[in-house]
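Both complexes below contain chain A, partnered by chain B and then by chain C.
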Partner chain A sequence: MDNTNRMNFDMNKEKKRFLLFLVVGIVLLFITFCLSLIAGRYKMSLNQLVNAIFTSDASFDTERSVIMLLRLPRSISAILVGAALSVSGLIYQELFQNKLVSPDLLGVSSGAGFGAALAIILGASMLYVGLIAFVFGLLTVALTLGIAKLFSKNTALILLLSGVVVSGFMSSALSMVKFFADQETTLAQITFWLMGSFEYAKMEDLKLLFPLIFIGTTTLVVLRNRINVIALGREDAKASGVSYDVYKYILIVISTLLTAISISFYGVISWIGLVIPHIVRLAVGRQTQFTIPITIVFGGIFMLLADIICRAFTASEIPISAITGLIGTPIFIAILFLKKQVVKLDD
Partner chain B sequence: MINLKNIKFKYKNNAYDVINDVTLNIKKNTINVLLGLNACGKTTLLKIMNGLLKPQHGVVEIDGENIISMSHVERAKKMSFVLQRQNIASDFTVFNYLAIGYTNSLKFYEQPTSSQKEKVVAIAEEFGIGNLLNRLLDELSGGQLQMVSICKALIQDSEIILLDEPTSALDMRNQNKVLSTLKRIAEETNKTIIITTHNPNHALYLKANVVIMNKGKIINEGNSEKLITKETLTEIYGNDICYSNELDYNEVSFK
Partner chain C sequence: MKKLLSMFLVVLLVSTMFVGCSDNNEEPKEEYVTVQDMYGNSIEIVKNPQKVACVSRTTYDFLIAFGLGDKIDGVYENVLANTWVQELNPTQEDYFAYEYNPSAETYISRDVDLIFSPEERITVELRKLGLPAMTVNHYGPEEGYDNQMFFLADLVVQLWGEDTEVVEKVEYWKNDITTTIDDITNTLDDNNIEEGKSIHYVRADKKDKGITYTENTRPYLEYIYRLLKVRTIGQDLESNKISAEELLVINPDYIVIGGIYQNGAVEASKVEPMNKLTAVKEGNVLTIPVGISQFEHPSSVASVFIKDQANKLYPELFDYDIAKLTKEAYKYYYNIDLTDEQTKNILEGKNPDGQYE
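After this line comes the complex of A and B, so read on.
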């Protein structure tokens, strides 16, 4: 019995699986990216895309403009935001040892939503709406952490409950702002912002978005082995030689910043932070050494696909959260069902 | 090796000291049992030794160095800790869980190397749990989980192993398996082992140095065969203690 199992044990099995999914993921990301550049209300063929990018032929100027001014920044933004929100979700789930946690747990989304709505009714420009949303997102998280600190037992559960309370408060404050908003103009704008969109993505955005998300996600990739130990919980992590409390705050700050930056640029985008980590764990297992890089790639693909659907099939743009929710829910149910099957097979 | 000097510890919002002026010296290459009733402060003392809890008064020194001034990595190199509750992160495979034992030798950006992974497999096989490597932690029985946790402590390769009630949730066969494993580790390696238990028979079986605790204080300390007498046990457990030495080792039971 022992010998058979010993012979069957392949310590590199998970790594091989990870490399396979990484290669497949990168290829899929590239294909989706190309698709994203040609999909939209202005119809374009693959041939036109290649000519517009790789030649200076003036007959493709219109295509070139559409790609460079609209679709390229939009597609890159979608990949970055998809990666940022998904990996934040994964980190929160590992940190709080709860698979139902997503980035907005500590109140980032509700805080940012309130901030944006307030800025919109005060007549601020889009730049300030994003900035105020970002500041309120961070302030809300600070409030959540502050309330949790007041309790003598500052456990993960207290932090979760504190997040629920603060989010609830911010949602009520948001309702008040919406109540005072002008139904014809600002209310529609607030509602649209609360459902997220890449419609107004510009090359300018990437100057800030790219370095911040790149630094944040790269740090998480570098720390991937330590995050695995953190996922064991406070005492086990400390006894294994990891400064749990230091890493906990580093991870909360990075994940919150990644989420707040994404929201402040393109509004609230739901579901992705919950669904993608689950898909990834089903594919490559539990180890964060493997799940973090794959989540970044798969998050990008998912967001690109959702954005393509938002703009390619209807005359006017569909808000992105509507699509991520509509795709995310059945996928999530399918994952739960698949997990049940896996357990049955193992039995 | 481990010196505890005048340790006092109180949990926040608690009126009394859970550990009340404890001074203790644990010698190298010995097997030690902290014995006492539930809530007498055994686990708290173990956590203080490991630096997981910081006492309000007193010092813990490992080879002359204050534990509080040591980093987590330095502590983990000196000591491994087998926690009582191991029911978290249950979707880790046994192999991946064991590999975490190497964390103290890795920098924050490093992954376990291939040779470390091979060593995990070799140690697990030698330890008799090679057949469990593919399994998830939550598929294991209590006894298997305890053996896996002890094996992880061996992989961590520290001089001291602390175990918090390693037999508390186990049936008699598994209790025996865990205790005989600890006895073997103590005999074959030069590790210092400290376990907590509320069962005096475990201390007798291990022929351990016994530290008897009651209400946060050490009431007696010494060799198990000399120390575990009817008088000392009556002081802890009450009058209905029954003590027999008909077996190959003494046994304590209730009337």
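After this line comes the complex of A and C, so read on.
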């Protein structure tokens, strides 16, 4: 078999695997979504669930309220946020050619956290807390990009370092805000916000969240072939006739917006943006035309599962980052172990 | 010989120093008293303390009510921020505003004799530094508040017992509480009321928190409601947050809303799915008055609070005139003549302008 045939054969194999994972992923996502509507502290049977959703029988009013007002909005939000954070993580990892990068690399989480904490101690309502978090998240990323621009060699490494420095600064600013917060009331509120939760998700949130995340992720799906080229680095991108810098900034802007919008609604959610891209690469390889759609689906599943755990087993809801971290860490270690095995086998 | 002379001089010098120290004009020694805190720890406190830091939110009101307002050095800033404290200002003093957990240097620089600290972990650290701190709060030790009802009142007598007016006020307060508890429990027993109904306390001291923020330990409130034969659901929770679904599962018979943002919580209870709760459907959403102190905390108006809740929980059994009792308590403890409008606002949990926070 010559090289061209071999490449075509490999590509077809990867494509088949991609389609398999995509179909399985979508089915799993659907099952998890149904499970998230059934699972919770308020026990209900499948019969009650069906009656509550498909009939207007008044005896199922409470069940209907629980599903329509509590579980449905948070489940849709979890899918959207899971998809957004996971795909942002993947884009950052490919862009910076660094597999340890997560979507808050350029300081969006620390900036949003500072903004939210500031809004909370100023007594703002939750709507403004989200809005201020979003603005500060974007301003922090702009500051990171601005600092990186100051250097003549505006490499990915400089951008990474700039992100670390600015994130550190915003974390200190956040500590200062926490210091001034009322220890009896607002400090706990800030702490909870920084751990993320879908507890207060509402259908109204989706009016803004859905179109923004849909547009962002769809754009990335459309650009998936170009991202593949960008991921090879500046020289390869140029050789392929792709404007590396233009795409780099487009991708940074989209990923940052996806992250910022997610954080501003539901607080800081860690690990998912780091772990899901690794799982996906393990499943379907490195080609972004395959990894991007699968990451979106897997991100949604992971976040839905985490949210079910958060609310189904305890009387008080567990913050989402606590669960994503607890699940994410062993998964990440397992991935490292598996990758090591793969490398050994290749040797 | 030289050595002997040197030794003699040294002895003479040291003796002179000691003679200088045993001056006849020495200051009178401060008298100390050993007291026990809420957690059973023995602490030595100077008798008749003159500068008290009331950082625990349940102490300022008591000291003023017992006529010890001039002994207060400073008060927790959130207590001073209460609009009723600003409006009525019982002592007309401009107290220092303490943060929740001030540094040890703050206390040292203010030269306080006694610190009423809000949490045991803070108290322990202050005591390690030799500061006279003791915990006074509305939680008490793990076994509950049952034996803590008169803790602060008894402590006041131990520390300022030489002042007969103080003792008289303390005794009046204790008798009032005892009589109230006896009256209510006897009436409930006579009517064969048994504990069975549940109550969910909403801690509305945060904005936009709905009705899912509560107390999860066994605080003062749990003790009071147990006397009133209702069970607080918070005592079975892992944290002071309860999920909306869990609240629907427990479906309490009563919801009682305290704190300064009561209105927001009352409104939140009317919104789906919370309006499906039995307590909401049957109109059993109660509120707690807010005056110089929040009535759900241990305070000078504790007996009024117990009677107010008895009226609301058992309207068929109790009919205390809460407005009259509130006016009388404010007159006796603070020498304040409340107007009808002020009384109404206090009882409805509003601020002095008649608005909800």
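Methods note: the second predicted complex is superposed on the first by the 336 of 347 C-alpha atoms of A that agree within 3 Å, B and C clash if a C-alpha of one lies under 4 Å from a C-alpha of the other, contacts with A are read in each partner's own complex, and residues count from 1 in each chain.
Methods note: a residue touches a chain if its C-beta (ideal position, glycine included) is under 8 Å from a C-beta of that chain, and two chains touch if they have at least 3 such contacts.
These figures come from a predicted structure and were not determined experimentally.
Judged by the touch definition given at the top, the superposed model places A:Thr62 against chain C, while chain B stays out of reach.
In the superposed model, A:Glu204 makes contact with neither chain B nor chain C. In the superposition on chain A, contact of A:Thr185 is made with chain C only, not with chain B. Once the two complexes are overlaid on the shared chain, A:Met126 sits against chain C while remaining clear of chain B. Judged by the touch definition given at the top, the superposed model places A:Leu70 against chain C, while chain B stays out of reach. For chain A, the partner touching the most residues, choosing from chain B and chain C, is B.
If you check the complex, the residues on chain B that touch chain A are 12-13, 47, 50-52, 71-73, 75-77, 79-81, 83, 86, 88-89, 91-93, 95-96, 100-101, 103-104, 106, 108-112, 117-118, 120-121, 125, 130-131, 133-134, 139, 156.
For chain A in complex with chain B, the residues that touch the partner chain are 1-2, 5-6, 8-9, 11, 14, 97, 152-153, 222-226, 228-229, 231-233, 235-236, 238-243, 285-287, 289, 346.
Residues of chain A touching chain C in their complex: 40-43, 61-62, 65-66, 69-70, 123, 125-126, 182-186, 189, 199, 311, 314-317. In the complex of the two chains, the chain C residues touching chain A come out as 78, 99-101, 118, 205-208, 236-246, 248-249, 272-273, 276.
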